[in-house]
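A, B, C, D, E, F and G are the chain letters, set down in written order, and residue numbers restart from 1 in every chain.
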Amino acid sequence: MAEAAAKILEESVGKTVLIRLKGGRSLRGKLQGFDQHMNLVLEDTEDISDTNSIQQLGTLIIRGDNVIIISPPPR
Amino acid sequence: MAEAAAKILEESVGKTVLIRLKGGRSLRGKLQGFDQHMNLVLEDTEDISDTNSIQQLGTLIIRGDNVIIISPPPR
Amino acid sequence: MAEAAAKILEESVGKTVLIRLKGGRSLRGKLQGFDQHMNLVLEDTEDISDTNSIQQLGTLIIRGDNVIIISPPPR
Amino acid sequence: MAEAAAKILEESVGKTVLIRLKGGRSLRGKLQGFDQHMNLVLEDTEDISDTNSIQQLGTLIIRGDNVIIISPPPR
Amino acid sequence: MAEAAAKILEESVGKTVLIRLKGGRSLRGKLQGFDQHMNLVLEDTEDISDTNSIQQLGTLIIRGDNVIIISPPPR
Amino acid sequence: MAEAAAKILEESVGKTVLIRLKGGRSLRGKLQGFDQHMNLVLEDTEDISDTNSIQQLGTLIIRGDNVIIISPPPR
Amino acid sequence: MAEAAAKILEESVGKTVLIRLKGGRSLRGKLQGFDQHMNLVLEDTEDISDTNSIQQLGTLIIRGDNVIIISPPPR
């Protein structure tokens, strides 16, 4: 992963990010770490796919090949 | 990513690009950065998939394997 | 697999993790080992996809490309 | 990309090519560049998927993994 | 394939394993060999996808990218 | 691509081959070249998917990951 | 492809093998060659997907990523 995406991800560590996954799931959590495959570690994760029924998922590892979009927190 | 695509992307940094993703989503945003996998960083991104309901998405990282087409700004 | 995910996985060895697989299956088992492709070895695994009918699967090797999410145990 | 395909693509630079993409889309445009992944840069691109409603798309980068077939211009 | 999965597979050679494949097929057979892609060689294989109609398949090579889960024999 | 397939392809250059693609399309054309990814260059190509309506496609580059089967000419 | 599968394939050269492909097609033919991607060359191939209508396909190259299972001849 080159500098542009990695720089944003590094700035987002410890902050809340929104992840959209292949298959339609959306997750929100505090970014704890990431790697060059966009494997992600989130803390205090919520599954917000269904906004009427948000699920608490705690700490998660997401395999990077499932990721479509990562939204860092507004600056 | 060889020179042809990278040259267009380099010229497009700081400008508005249109991205078509696998699954039918279309995004428009200011290109902040990219890498050899076509991972992209966009600012001031809008989801324009449904032109009747454009969503503001702010800054985004797009994992490159989801990209079909990138339209740079007209020159 | 870089440090963030590997560190969580290392801390989870010998503990119960929840795995969500592509295709909708969910498994719960004691993590015995893992590798850089997220190939996983689980012991005392249960298929909890249908919570009305939990299946005992014993020891399993999961090929990493099927993994969406790994939930380590709460700390 | 070995010599056979690359030679045809090199001869096609500056000329109009037809591209068939996975998912059914067909594009026609002037080939500006390409690389070993078959990432393509097209100018003056038209989406000709629906021949009753051709869309002007201008300059495009196509990520190579979406490409099924490239038709170079007749010689 | 790192040590955890390979160790289980090595211990399973000559023993009966259960394989679940993408697409829903389940096979049971004696593991004769494997490699780092999880390509597998099974002997005396049975297709147990439909438990009302078990098919004898003899010796098989399974291409690893089709594998979801390998269940080694109970210890 | 190892010797077995490459040898058949080398012997088929300049001759008519039949190509079956993922998605159901069948093409017939004179093989002009190929590479180790099974990217193919065909001349005088016909789309014979619908035998009631054969389409002339001329020279084509086929990206190898779309290929299921290549039938060389009878010897 | 490590030794286990390659050994079986080497022993099967010149003999009839059964190939099951992604998408449901089954082929039977004499194995002429193979490589480390499981690209296969078959002679005197028959499409036996529909056992009521077996089709003669002659010599074929199968791109390895389409292969699910290879059944060598009984020993």
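Heads up, the rule we're going with is that a contact is a pair of C-beta atoms (placed from the backbone, for glycine too) under 8 Å apart; a residue touches a chain by one contact, two chains touch by 3 or more.
None of the values given here were measured: they were computed from a predicted structure.
**Q** What chains do subunit D and subunit F have as common neighbours?
**A** Chains in contact with subunit D as well as subunit F: not a single one.
**Q** Count the smallest number of chain-to-chain hops linking subunit D with subunit G, moving only between touching chains.
**A** Counted as steps through touching chains, the separation is 2.
**Q** So, what's the distance in Å between the C-alpha centres of subunit G and subunit C?
**A** Result: the chain centres lie 34 Å from each other.
**Q** Any idea how many Å lie between the Cα centroids of subunit D and subunit E?
**A** Here subunit D and subunit E have centroids separated by 43 Å.
**Q** Quick check: how many Å separate the C-alpha centres of subunit F and subunit G?
**A** 19
**Q** Two or more other chains touching the same residue: where does that happen in subunit F?
**A** Touching at least two other chains: 65.
**Q** If you start at subunit D and step next to subunit F, which chains follow, in turn, all the way round the ring?
**A** If we begin at subunit D and move toward subunit F, the chains come in the order D, F, G, E, C, A, B.
**Q** Which residues of subunit C touch subunit A in the complex?
**A** Against subunit A, subunit C makes touches at 1-5, 7-9, 22, 38, 64-65, 67-72, 74-75.
**Q** Quick one: which bits of subunit F touch subunit D in the complex? Just the residue numbers, please.
**A** Residue list for subunit F touching subunit D: 21, 23, 32-37, 39-41, 57-63, 65-66.
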